[in-house]
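In the part that follows, the structures are each spelled out as structure tokens.
In the two complexes below, chain A is the common chain; its partner is chain B in one and chain C in the other.
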Partner chain A sequence: MSAASTEDVVPITVEFSGGLEMLFSNERKHKLSIAAKDESGLNSNVAFLVRYLCDNLMKDPRKDLFVLDGTVCVVPEHVLSPALTIQRRPGILVLINDADWELEGEDKYEIQKGDNILFVSTLHGG
Partner chain B sequence: MAPSICAVCQTNRALILRPKNHQKLCKPCFISVFEAEIHHTITTNSLFHRGERIAVGASGGKDSTVLASVLKTLNERYDYGVELILLSIDEGIKGYRDDSLETVKRNAKQYGMPLTILGYDELYGWTMDQVVEQVGKKGNCTYCGVFRRQALDRGAAKLGVRHVVTGHNADDVAETVLMNLLRGDLPRLSRTTSIVTSTPSIVPSSPETTSHTNIKRSKPLKYAYEKEIVLYAHHKNLDYFSTECLYSPEAFRGSARALIKNLERVRPSAILDVVRSGEDMAKLVPGGNDNCGNGCGGQATLVEEEEGGCGSSNGRTTGGEMASMEQQLVQSEAAAEGGLEVEITTAASKSPNPPDSDVIPLVTGKKGKKLKGPPHGTRKQPARQTMGQCARCGYLSSQDICKACVLLEGLNKNRPKNSIEVTYDIPEEASLNGNTVVNGVQQLSLGPD
Partner chain C sequence: MTSRDAQIVSLRNQIASCEVQLQRLRDQLLEAENDRDISSRDTSGQISLGLGEIAPESLPAEASEGSSHQQNGDKVVKLWPLDKHEYRRYGRQLIMPEIGLTGQLRLKSSSVLVVGAGGLGCPAAAYLAGAGVGMIGLIDGDTVEESNLHRQILHSTERVAMPKVDSAIASLRSLNPTVKYIPYHTRLTAEIALDIFEKYDVILDCTDTPASRYLISDACVLSQKPLVSASALRTDGQLMVLNNPPLPPGHAQGGPCYRCVFPKPPPAASVVSCGDGGILGPVVGTMGVLQALETIKIIAKGIQRYSDFDSTYLQKGLPSGNSVPDPHRLSEPPSLLLFSAFSNPPFRSIRLRTRKAKCSACSAQTTVTREALKSGSLDYVQFCGAVSPVDALAATERVSVEEYSRIRDGSIPAEDTKTMPTEHILVDVREKVQFELCNLDGSMNIPYSIVARSSSSESGKPSSQAPSEDDWVAQLRTLANDKPIYVVCRLGNDSQLAVRKMKEMGLDSGGTRWIGDIRNGLRAWMKRIDPDFPEY
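The block that comes next holds the complex of A and B.
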């Protein structure tokens, strides 16, 4: 953890599937580097990543298909209190290095160098 | 967080948190537990019998892909002795099915299963594109849903297959239970919770004659969480395709789905609890299927499929709630003995609406405090009625002519003269007068929305 936090950026791989890729330029796999620290100087976690994806990677205007009620994208970041953590839209699974994010601390999981974070929609298709 | 250890093997790192019981499992243990549970569903409900040919309703989506994969695995592992084939429906929307049908074609190779793709044009004489051209964008979802509801049964009958399995999962069933509960439609709730259903369909036995048979439908994934289906597909690296419905989901179904997903977040066991509650309520519905869960695999509940809407050809609904199918069909004891098709026809010809039936739907129940007499909704008739078969196509229908045939009648009547002839055969003597058609079409907008 300390290794990652001493650097400015954390290189990671973010993947979208189950139809979510359609919201991200139809690309399944994205190699990104995100800031190692969030706005408050804390280690960047999954909540921060979701905000980042919404603001920077997602070109599709239908933000509500990715985050609940579009809260993240509508409300300016500085208004977001730490308590107002981002809720993933129901029906999207998050796998952190293939593990269910619920086993990893959900959105409080601190992103590590080289992490693979997969967002899968369970809602589409039969 | 310290890595969790698998609850089963106590060795590997846990990657999966099971929604139904919070068990933490590693990947190999999860896969074997998931498969074992499907096997359990199949055996305890006697879904299959040796020598049976079974069509998997395949859309290329996650549910049907997982279903095909798991059934292949289990058929080999436990020697069910069934023959599995893939059946896909092409609505004929240009470009829409291309990717999913390519996925199904790959699946056919991957699983070594023969694949048949049947188009709406082959089944009905109309592609959806042609329907849209005729009726416009608005309302075509109705056609798509009504046609889809019958497509797998018609397709199976065409192939001489008597059993279709679909990828309906626990989330789908819970959603349907909630929707029917919120509508106060317990009879339909009872029908749709059944793991096995049966619909009469026409079977072309020779060019001149046709005979009716029951197409059995079952849902081996009925107790499988959608989340686990997605995780299974992911961890087994299954090749599936996700597509968005072209049309926005019908609001009521969308809300029911959101409610289910939110409940799951707070209380993960809620989904299976709703499914089980649905089954228990079904037992309370007079004339409902008894869902004995053991040894009555052959005693399928007769049901008009209610699934509809767009986005999936395996019968699973991703949106677009279809008009409700309103009549309750009660299995007679004779039907339980196996004479289902005979029973339906005789019942239909006897008394179409027994006034003093001993079977009284809950909605109009004697003890109902508010509900006295017939149900309030004039178009909604959850009351018990005998099901007959469509005079034209032989499909199970509460009307003389099923909804698909009514829609086709309207379409064919207005078909531009220069266009190709309808391949779908309509006997002349069964032609409708204008009123009936109007009524039929109105009934298509059934349901509380």
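The block that comes next holds the complex of A and C.
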């Protein structure tokens, strides 16, 4: 990216654990830069990030294994309506800087520079 | 049966009967030792500090000081709170301030239930027995299998086919015969959970299904017991201490329960078992050891009970004036420990939410009641969605291993290729590492994970789609597109789904090429065709 555009993007780290990495090219850790503002000019939040991940990072077509409301991911029209809330798929925890997203405002949390967002799938083996 | 086989069976039987005899002798020894201890105490007028008889809170002050004196004839006998052998056995942990005499007495008078005697339960129970927990209950309905042994360290080769609970207790007893062990040869069910949990101070979830995790959490909330929950798969593990402090439903200061963290179960299709996904012994072992550690911490600190909290504390979230809880006794804030053996750093602790105001189990609006649980009206298996066996194909799309074997040796022709009897393509859809373990000659490997990942044209227009077709599809398309394709996997589930997918991708050339699977997979091939084919 050019130096001029660094103002408009937020560098973050996104991680996947508990088997979710398999949906993301088997990579656990991804360093990304996402747009600082979403389509309607608001600060990018976690809901925006999840849509971004579905559209850009997730090569696996089984979007329902990552988010509950799969339509958010695949139908482009919906990407343009950021009012839609993202529901985490049951069995997935979303962690913002090592804290449950429920402590941070869930999908409305506004992404900050350097944030670490971790998606963890529950394990059941023993 | 060869004579060697007969000899093996006979030896197995002899060993099993010796194990039973050994068990009986150990029981008798323990009983005799207990009798001796009790009678020596009786004659000296000593108070009994037997297993589980005295709650830590009610220990007489002088017993904790270790300074009581008793007159016995004309000799002054100094009485010690622990037996002599206990100072020796637990000496290395007794001298640590985190345990000390008080902690050891609490361990001795405590009881712990380990649900599941597998990869988590074995190491957890071993360390708890070693540490001198007074009573350990073990619940499991399974028997020991050879494939358990790489991680379930209380079992042994000689004890394959023995109930896991008996095998585990035999090991535990040789580790520490002074602990009281209670076996439950059953799978935990909702009907029996509360009656069993009531007898214990801390519950360990060492099970391996979502249904049992919800059941155990609900029963812990209802019986007000702290829950130490762990799980593991492949190279990852997770650990949570839940419902700690174990306050009644509706008390916000109580620790969150499993439903607070995971209100809804994951889709059944996304749940992977150790049998399917694999598990590394030390990974699950690490998690079991950590469960034992958390349990020892909870017990040594003194389990917080409802009576430790008065209404002021509960309302304001502050310790009250006259019963200020020791800050060391306050429960740590709820967290989830993630272990990832191949990541750096391998451990990571996550802050979890507190009790959820609308939790269906631990809030004031709870719908999970004692009555509902006991009557069996809460169907946990249904709640978590049973995975029904895959039945994706029609009978004409499937062949048995016998039929396929005859196709291979040419005694019957492969589907639709009357001219060239053995001409067919065999696709093995197991993951690469399994394929490399063993495979049928001439098979090609296309892992199901790759098949599933390929997007077939979203709306059923096979030709106009993707500019770059996945490699495997292109390969199969060009590979003599009239040859029938036989798909095989380990058990015969993924093979069916792969056949579906291949047809969706148009690989059946509009129905002119036969594509089907081999029923029950390589497991059936090993059982019915080639007994030398490895089973794993």
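Following the convention adopted for this analysis, the second predicted complex is superposed on the first by the 108 of 126 C-alpha atoms of A that agree within 3 Å, B and C clash if a C-alpha of one lies under 4 Å from a C-alpha of the other, contacts with A are read in each partner's own complex, and residues count from 1 in each chain.
Note that in this section a contact is a pair of C-beta atoms (placed from the backbone, for glycine too) under 8 Å apart; a residue touches a chain by one contact, two chains touch by 3 or more.
Keep in mind it's a predicted model, so treat the numbers as computed, not measured.
Following the overlay on chain A, a clash is recorded for the pair chain B and chain C. In the superposition on chain A, contact is made by A:Asp60 with chain C only, not with chain B.
When both complexes are overlaid on chain A, the residue A:Gly105 reaches chain B alone and has no touch with chain C. In the superposition on chain A, A:Leu42 makes contact with neither chain B nor chain C. Ranking chain B and chain C by residues of chain A touched puts C first.
Of the two partner chains, chain C is the only one touched by A:Arg28; chain B is not.
Applying the stated contact rule after C-alpha superposition, one finds that A:Gly19 touches each of chain B and chain C.
In the superposed three-chain arrangement, chain B is struck by just one stretch of chain C from 21-29, 291-299, 417-425 or 507-515, namely 291-299.
Residues 17-19, 22, 90-91, 93, 95, 98-100, 102-103, 118, 120-126 of chain A touch chain B in one complex and chain C in the other. Per the touch definition, chain A reaches chain C in the complex via residues 17-19, 22, 28, 59-62, 64-65, 89-93, 95, 98-100, 102-103, 118, 120-126. Of all residues in chain B, only 1, 4, 13-17, 24, 27, 59-64, 100, 166-167, 171, 226-227, 229-231, 234-235, 240-245, 257-258, 261-262, 264-265, 311-318 touch chain A in the complex they form.
Those residues of chain C that touch chain A in the shared complex are 116, 118-121, 205-210, 213, 230-234, 236-238, 261-267, 270-274, 277, 279, 284, 336, 338, 340, 343, 348-353, 449, 452-455.
Interface residues of chain A facing chain B in the complex, by the touch rule stated above, are 17-19, 22, 90-91, 93, 95, 98-100, 102-105, 109, 118, 120-126.
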